[in-house]
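Below is one structure, written out as C-alpha cells; comments come after it.
Each chain carries a letter (A, B, C, D, E and F) given by its place in the written order, and its residues are counted from 1.
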Amino acid sequence: MTDHEPVPAVRETAGAIATMEIRGAATIADAAARALAAQAREGDHDDPGAFRASMRSAARTLHETRPTAVSLPNALRYVLQRMEGETVDALRRNVVSATDAFVDQLDRAQEDLGQVGANRLADGDTVMTHCHSTDALACIEAAVEQGKSISAVVKETRPRNQGHITAEQLREAGVSVTLIVDSAARRYLDDVDHVVVGADSIAADGGVINKIGTSGLAVNARERGVPIMTAAQTIKLHPETLTGHTVEIEMRAEEEVIDPGTRAAIGEIDVENPAFDVTPPRYMDAIVTEHGQFPPESIVTLMRELFGEGADEPWAEP
Amino acid sequence: MTDHEPVPAVRETAGAIATMEIRGAATIADAAARALAAQAREGDHDDPGAFRASMRSAARTLHETRPTAVSLPNALRYVLQRMEGETVDALRRNVVSATDAFVDQLDRAQEDLGQVGANRLADGDTVMTHCHSTDALACIEAAVEQGKSISAVVKETRPRNQGHITAEQLREAGVSVTLIVDSAARRYLDDVDHVVVGADSIAADGGVINKIGTSGLAVNARERGVPIMTAAQTIKLHPETLTGHTVEIEMRAEEEVIDPGTRAAIGEIDVENPAFDVTPPRYMDAIVTEHGQFPPESIVTLMRELFGEGADEPWAEP
Amino acid sequence: MTDHEPVPAVRETAGAIATMEIRGAATIADAAARALAAQAREGDHDDPGAFRASMRSAARTLHETRPTAVSLPNALRYVLQRMEGETVDALRRNVVSATDAFVDQLDRAQEDLGQVGANRLADGDTVMTHCHSTDALACIEAAVEQGKSISAVVKETRPRNQGHITAEQLREAGVSVTLIVDSAARRYLDDVDHVVVGADSIAADGGVINKIGTSGLAVNARERGVPIMTAAQTIKLHPETLTGHTVEIEMRAEEEVIDPGTRAAIGEIDVENPAFDVTPPRYMDAIVTEHGQFPPESIVTLMRELFGEGADEPWAEP
Amino acid sequence: MTDHEPVPAVRETAGAIATMEIRGAATIADAAARALAAQAREGDHDDPGAFRASMRSAARTLHETRPTAVSLPNALRYVLQRMEGETVDALRRNVVSATDAFVDQLDRAQEDLGQVGANRLADGDTVMTHCHSTDALACIEAAVEQGKSISAVVKETRPRNQGHITAEQLREAGVSVTLIVDSAARRYLDDVDHVVVGADSIAADGGVINKIGTSGLAVNARERGVPIMTAAQTIKLHPETLTGHTVEIEMRAEEEVIDPGTRAAIGEIDVENPAFDVTPPRYMDAIVTEHGQFPPESIVTLMRELFGEGADEPWAEP
Amino acid sequence: MTDHEPVPAVRETAGAIATMEIRGAATIADAAARALAAQAREGDHDDPGAFRASMRSAARTLHETRPTAVSLPNALRYVLQRMEGETVDALRRNVVSATDAFVDQLDRAQEDLGQVGANRLADGDTVMTHCHSTDALACIEAAVEQGKSISAVVKETRPRNQGHITAEQLREAGVSVTLIVDSAARRYLDDVDHVVVGADSIAADGGVINKIGTSGLAVNARERGVPIMTAAQTIKLHPETLTGHTVEIEMRAEEEVIDPGTRAAIGEIDVENPAFDVTPPRYMDAIVTEHGQFPPESIVTLMRELFGEGADEPWAEP
Amino acid sequence: MTDHEPVPAVRETAGAIATMEIRGAATIADAAARALAAQAREGDHDDPGAFRASMRSAARTLHETRPTAVSLPNALRYVLQRMEGETVDALRRNVVSATDAFVDQLDRAQEDLGQVGANRLADGDTVMTHCHSTDALACIEAAVEQGKSISAVVKETRPRNQGHITAEQLREAGVSVTLIVDSAARRYLDDVDHVVVGADSIAADGGVINKIGTSGLAVNARERGVPIMTAAQTIKLHPETLTGHTVEIEMRAEEEVIDPGTRAAIGEIDVENPAFDVTPPRYMDAIVTEHGQFPPESIVTLMRELFGEGADEPWAEP
C-alpha cells in the first residue's frame, strides 16, 4: 500500500540493521525507536487510521530485518503500545514522546542499573563473575565509584575465555582479580559474597538465559548460601516468552571447544557447544534493571508494563 | 640398631620410591608390600620381639620416602595390621600371607571394581565423565564387555583437558562420545543416566577428593536427579582422615590456567589453580571398590577393616 | 427498592444458575456477564447513582445463587470493576464494553492458553498428566496441532479414574499414551519432560488447588528435576484468597474410595475422600492462562488487574 | 526561596518528628501526610509550578527530620506521586484527596490486615510467634474474634524478651499460651500449624527484615513443613530497596545481651547485638498487608503501585 | 561326581522349592538352611575337602531352584560362610551350629524386629502405611502390645489394594484406621507421626526396594518433616547388590491396572504396571531389622557381617 | 544366691553411684568398670559358670543404681562383652584386661578426640559453639595447642547461659570470643567456618541428642553451607537405641525460663523447658570420638563393635 510506504529514515535504519551495520542490542533498539519517531514526524497522514497503519507498517518493516533479536521488537512494542489519541496530532505527539522516553531511558539504562546493582554490594565484598557482561560490570564499577572496595573471582568461561576481558576491565576499574577455571567455582564460593552475572535474555517465567555455565553456577551458589544477581537492561526481557515460547539456544562452532587437529587425533567423536543455558528463577535472587531490582518471579509484571501482554504483534496488519 | 637394618630389597625399594623410579599409587603399594615380605623372609631374627622391631623399622624406612602418598602407608598398614603370632615362624607366615593377599587383591582390584561399577549401569545408559580416571573407565569398559551399549558425555576438564584422553579411550572401547566444555554439564545432565568419576583419595567422613569440578558436578547431578558414583580402589582410602586430618589440596602451576603472554596483557591479576576439591558424602550415591559398593557414609568401616583404626602409626617405635 | 428490581434477563439467568440448568465454570461466567449487560442495556435509570445501584443489585441477585463458585464472582467483579463514567450513557457504554471484552476473552480463553502451554512443549516431549482437565488437554492438543510429536504418561487418578478420559482424548488427538497407577508416577518421571495439570482454582498466594494428588506429584517432579505447569483460565483465580481466605476442600463420598461390601468385610474403619489438595507455588514452574504464562508467585498481580483488590464486594450495598 | 517556605503546620510537624514527640511508624506517616495536605490547602501559590515546588519543599523539610525512617518517605511518596493536574486547583484537590486516602487507609490498615491474616488461620490452629508485633497480633486476635480457637507457642525472643508482652496480650485475647526459649522452636514446630511474625521493613527483593532470629525460624519452619507469614502494613515497604539499597541492620547495646558484671567476670570478650536479620523470600509463604496477601516475590509490584518506582526522590529539587 | 550327590533331605527340599510347594521368603530360607544341616549330618565324607565339596554341591543344588529369590542365597551364604574347621567333625559342628543359629533367628526375626520398630513409636502416634507388610505390621502391633495407643492412615495401594488387608489386620489389633486413596498421602502427612513400610529387598547402597509408590511417599514424607522407617528381616538384604547389581523390577499383569473392557473402550494405549520402586537411602530414616535398627547408609555393614562380601558365590566349584 | 553376692568393691561403688557421690558420665563409667575388675579378681568361684553368674550379678547390682544413665551400661556391656574363656583363669584374665583397656581408653578419650576434632579445624578458622561441652572445647583447645589461631562465636544458650562458661574457657585458651544471643546464629554463620557441638547422647540411627537448640542450629548451618561436627566420647553412644528405643527428653524447671514474678504478671500461661533436642544425621557432618571420626550414619557400627548388638542385657539372668 503506497500510503504505508515508510519514510526514508525507516528504510535506511531497516537496511542498516539487516546488513548488521547497526548491531548490538542497545544500538538496534535505539535506532528502531528513532526510526518510528521519524515515521511519526515525517509521514504524511490524513487521518488517525492512516497514521496508525503507517506506523504499524514501519514497525513491520523494521521487525522483518532481524525477527529473532530481542531488543528490536521490544523497542517497537514500547512505542506502538503508547500510540494513543483521537487525532493525528495527538497520536504523533504520543509516539514522539514515547520514543523520547524510550531512547532517553535506554541511554541511561546501564548507568542506572549499575547504581541499583552497586547498592546491593557492600564495602569489602568479593564478587564472582561468569563470562563478560557490560551490565554486570556496570554494577561492580559503580560500587567502586561509590567508594567500596571490591575484589573479584573471575571464571575464565570456556570455550571463549571471555573471563579474560572481564578480568582486564575489572583490573582497570581498581578491582583486585583472581582468575580461576570454571570448575573451581564451588571451591571459591566460600570466599565470595555475591555472584553477579549478565543475561542474554530473560523469560516471562523468570528463567534467565545466559552464557552456558550460569545455571550450574547458580545451583552451587544457592547450595553454598551465596546470593546471586542478574544485571540486565529491560531490552533483554524476551516478550515472546510471555506467551510460553521458549528461547532457542544457539549451538556454536565446535572448533571453539576443540581444535580440529586434536579432535582428529582422538577419533570419531561428537562435540556440542551450546552458547547459553537457562537458570530457573528459584536459583536467582534478583534481577537488576534500570527500573530497579525484581525477584525473577515478578519480572513478568515489568515486561507487561513496558511491552504489553505479548499476545499480539502490534505491528501486525489488523 | 644394627639388627634392625632392613634387608637389601627394602633399601632398594625405598630408594626407587624416593627417586620416583617407582611411581603411581598401585605400583608404589605393590612394591612396598613386596619389600615387607622380603624383610620377613630374609631378615635374620632370633625372637618375635626382634622380628616385630625389624618389620616396623623396614616399614618406617619405606614410609619416610613419600610421607604424603596415600597408597604407601595403606600397604604398610595392611601388612603390619596382620603381623600376629607368638613365634617368629608364625609371624613370618602371617606377614607373607598378608602380603600375598594384598598384592593379589591389588592386582585384581581395578578389574574387580570395574565389574561392580558396570553392574550399576544398564544397557543403553548414557554416562557423564569428569577428568580421566582408569578406575572410572574400568567400570564403563566392563559394562561394554558385559554387552551393554553405553554412550558418554565427556567433560573436557580444564585446565589440562584430561577429558580428551577419556574421550579417546572410551571411543576405542566402543562407546559413542560427545565432548563438551565443563560449563555445559548441567544442560546435558537431563540426557544422562549416571555420572561416573574417580577419586584422588577418599576421607573417613565420606568426602571424595577428586579433580577440581567434581563437587560442583555432584551438586548439579543431585539437583537434576541423576545418580553419581565414585570408582576407587581401596588404596585410595586416606587413613589419616580417620583421625580427622583433612586432605591438603595441591595448588598447581598457574600456567596451566593461562599462558604467560595472555596474562601479561591482562595486567596484574592473581591466578589460582587448585587440583582437587571435596565432594560431601550427601551428594555421592555410591563408592565402588574392589570389595564391592558402599554408600560414602559407611566407607569408614571398610577403611578400619582393611587398615585399622588409624590412631597409631604401626611403624612407630614403641 | 423497586427501581433496583433486576431486568428479566437477570432473573432468568439467576434462576438457571440456581437450578444448575446453567453449570460449568465458563458457562456460568458467560451467562452472568451477559445478564449484567442486559441489565445495563434494558434497565430504566434516571441518573448515574440509580444505574450503579441497579447494577450492584443485579450482581447481588446473581451472586447469591452460588456464593461459593469461583467463576461467578469473577465475572461480576470484572464487569463492575469497569463500571465508570459520569453519565448514565457513559456508564452503560463502559459496562457493555466490559461485558463484551469479558465474554469475548472467555470464548477464546481455552484456545489461547492452549497455545501458550503448547509453546512450552517441544517436539518429541513426553508429558505426564493427572486427572482430566480440558485446559491441560488444550495445551497438549495445541502442541500436536503445532506439528509436535507428543507422548503422554497418564495417571489413572483414583478414586474416579478420570485418567481414563484423559487417555481416550489424548489418544484421539494422536498422542501415544501409557496408563499407570498413581503410585507409579515417580518411577516414570525420569522419562517425562513436562508435567501438565489443570486447576480447580488458584489462590493469591500462588497455591494451586487441584485434584487430590497434584501436590505430591509436584513435589516429586521437583525432586526429579522435571518442570511442571498448571493450565488454567483466569476465571479460576480465586478472588477471595486475595484477602487471605483459604479455599475449602470438598470431601466427597466415601463410596468412591471403597465399595460398601468390601468396607463392611474389613470392619469399622474411617474412609476419607478429599477432592483436592494445594500445591505451594515453590513446586510449580508456571501457570498458563489466556493472558500468558506467570510464575505462581506473580499470579496475584493478574488477579488484581482483572478482578480488583478483592477487599470489597463490588455488589455490596454501600 | 521564600515562596517555598512551608506553612506552619509543616514546620510544626517537622519539629515534632525531629524531637521524637511524634514517633512510631504509623503516627509519623499520618502526621507527615496531614502536613502535606495543610501545605496544599494553606500554601499561597500563583501557578502550578509554584505549587509543585512548594509541595516538594515541604516534603523535603519533613524528610530531613528522620532520613532513615521507612514510613516517613512512604507517606511523602504516596502523596507526591498523586500530585497531578494542570491547574493549582486540580493539583490541590488531588493532593488533598491522596492525603485523605492515605490517612484513611493507614487508619484501617492494622484492622484490615488482621482480617486477611486471620483468614489464613483455621479453627483449632496453634501458631508460633517471635518477638512482639502488633500487626502479627492483629491477625491472631482477628481470628479469635472470627470465633476460631487459637493456641500459641510464644518464643521469649532474647535479648529483650518481647515474647512476654506477646504472651500477655494473647492471653488477654483468649489464646492459650505456651512460653519457650528461642532455641526450643524447632522442637515445637511439629505441634504448630502456622508461624506468624511481623516486620521491621520489607525489601523490594522480597526479603523480610524483622527481629533477629526470624530468618533462622523461617528456615526451620520450611524444613518442618510449617507455613509462615509476615504481617506488615504497607508503610513498612522499604522504597529505597527498589533501587537495590540494602537495609542497614541496627546494632544495639551490648548490655542487652549480658550485664556488665557477668561480662567482666568472663574476661575480654566481644559482644554483638544485631537487632534484625533478613529472611529471604523463598522461606516466607506470604506477606499479609491491608491490601491483601502477597507472595514475597511479588510485593515489589505493590510497592511500585503505592509509592512509585523509587528511582527518584519526588521531593528533590528538579 | 557321586560323592557329591546330595543327601535325600537336600533333594527333597530342592524339589519342593522348585515346585513352589515351599514358598515365601522365610519358609524358603528356613528349609534351605535345614537341608544344609541335614547334608552336614548325614553326608558320608572321609576328609575335610570332600565335606566342603559336598556342602557346596548341596548348596548349588538348592540355589539353582530359584536363582532370583533373595532369601535362598542368603540362607546358603550364612551357613557356608561359617563352614570352618580343620577336621570333618569340626566342620560338621560349625555348619550345624550355624544352621541352628540361622533358623533360630529366622524364627524370632519378625517378633524381634517388631519390638525394635515399636520402640520407635510413641503412645498416641498416628502412622501411615503403604501396601501390606507383615514386618511393618509387626512393629505397629508390638507397639499396641506395649500399651501404646496407635492410629493409622492406610493407603489403599493400587493396583491390588493390599491396603484393605492392612486395614483389616490393624483394625483387629485395636488400631483405629482411616483409609485413603494413594494420592491423598501428602495431605494426610501433616497428621502423621511416622510412616512405616516393609521391603521387598534392600540393596547394599541403602536403596529400599518396595511396593510401587514407596519412593514417592518417602520424598513427600521428608518434605513434610515426617520420619519414615522400613521394617525388614535381614533375609531381605540383597547380597548381589554388594557387587553393584541392581534389583530387577518385576512388571506385573496389565489387567491389574485396568480391566480389558474399559481398556478396549479407550482405544490403543500402553499400560505399565511395575511392582516395585527404589527409595534412595537419603529419604529413609531407619531400617528396622531383627538385629536392631540401622541408617540405610550402614546396612551394608550388616549385610557383610551376616552374608559375607558377596563377591564370590560360596557354592561355586573352586 | 549367696555365691553371687558381689564383692565389697562392687557394693561400695553401687552405693556411691546411687547416692550420686560418684557422678558425671566418665566418672561413673570408670568406677563401674573398676568394680567389675574387682569382682573378677576377688570373687571366689569354683567354675566358669559360677564366675559368669557372679559377674552378671555384680553388673546387675551396678546397673540398678541408675538405670537411665548412658555411660553406666556402656561400661558394663564393654566388659561383659569381652568375658570369654573356657576356664576361670582365662575368664578372669579377659575381664581384667577388658577393664584395663576400657579404663585406659576412657582416661585418654577426651584428649584423643580433641586431637581428632582439632585436625578438622584449620589455622584462622572461626568456630561457633552452642552450650558448654568439654568434649567440644577439647577439640578447639587442641587446635590452639597445634598452633592454629582460632576465633569463636559463642551462643549464650538460654535458659542457663552455659555459653558464658564456654566463653570464659575459650578466652583462657587464647581464643578470641564474640558472644551472641541464640537467635543471632544464622546471621553470624556467614562468618563461621565450623560449628562444633557436644552431645548428651547419640542414637543408633545417627541422631544426636544435645542441648535444646542444636537441631535448629544444624539445619541453619546446612542451609548456610557451614560444616558442623559433634564431639562425643563413645560412652555417650546410647546402646538402647540399637533396639529402636528413643531417648526420653528431660523437661527441666520452668523457673529456668521465666522467673515466677514476671510470670505471674503475665497471667495464666504454660511454660515448657525441654533440655535437649535431636539432630537428624543428615544435618550433621561428623561425629568425633576417641576412636576417630565417623559420619553419623555409621556410628552404629562403632556402637556394635564396642558394646555389642544391644538386643540382650548381658547382666540379665539367663
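Operating definition for what follows: a residue touches a chain if its C-beta (ideal position, glycine included) is under 8 Å from a C-beta of that chain, and two chains touch if they have at least 3 such contacts.
A quick note: this is a predicted structure, and the numbers were derived from the prediction, not measured.
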Taking touch as defined above, what minimum step count separates chain A and chain E? 2
Min route length, chain touch network, chain B to chain E, equals 1
Quick one: compare the interface residues of chain D with those of chain E and tell me same or different, with half as the dividing line. same
Distance between the centres, which are taken as Cα means, of chain D and chain C, whole angstrom: 35
Touching two or more other chains, which residues of chain A qualify? 223, 282, 295-298, 301
What chain pairs are in touch here? A-B, A-C, A-D, A-F, B-C, B-E, B-F, C-D, C-E, D-E, D-F, E-F
Touching residues (chain side chain B, partner chain C) in the complex: 189-190, 223-226
Please output the residues of chain E touching chain B within their complex, sorted ascending. 204-206, 241-246, 280-282, 295-298, 300-301, 304, 309-311
If we count contacts the way the header does, which residues on chain A are in touch with chain B in the complex? 154, 156-159, 164, 167-168, 171-172, 176-188, 211-213, 215-216, 219-220, 223, 257-258, 262, 265-274, 277
Quick one: which bits of chain B touch chain E in the complex? Just the residue numbers, please. 112, 115-120, 122, 282, 285-286, 288, 291-298, 301
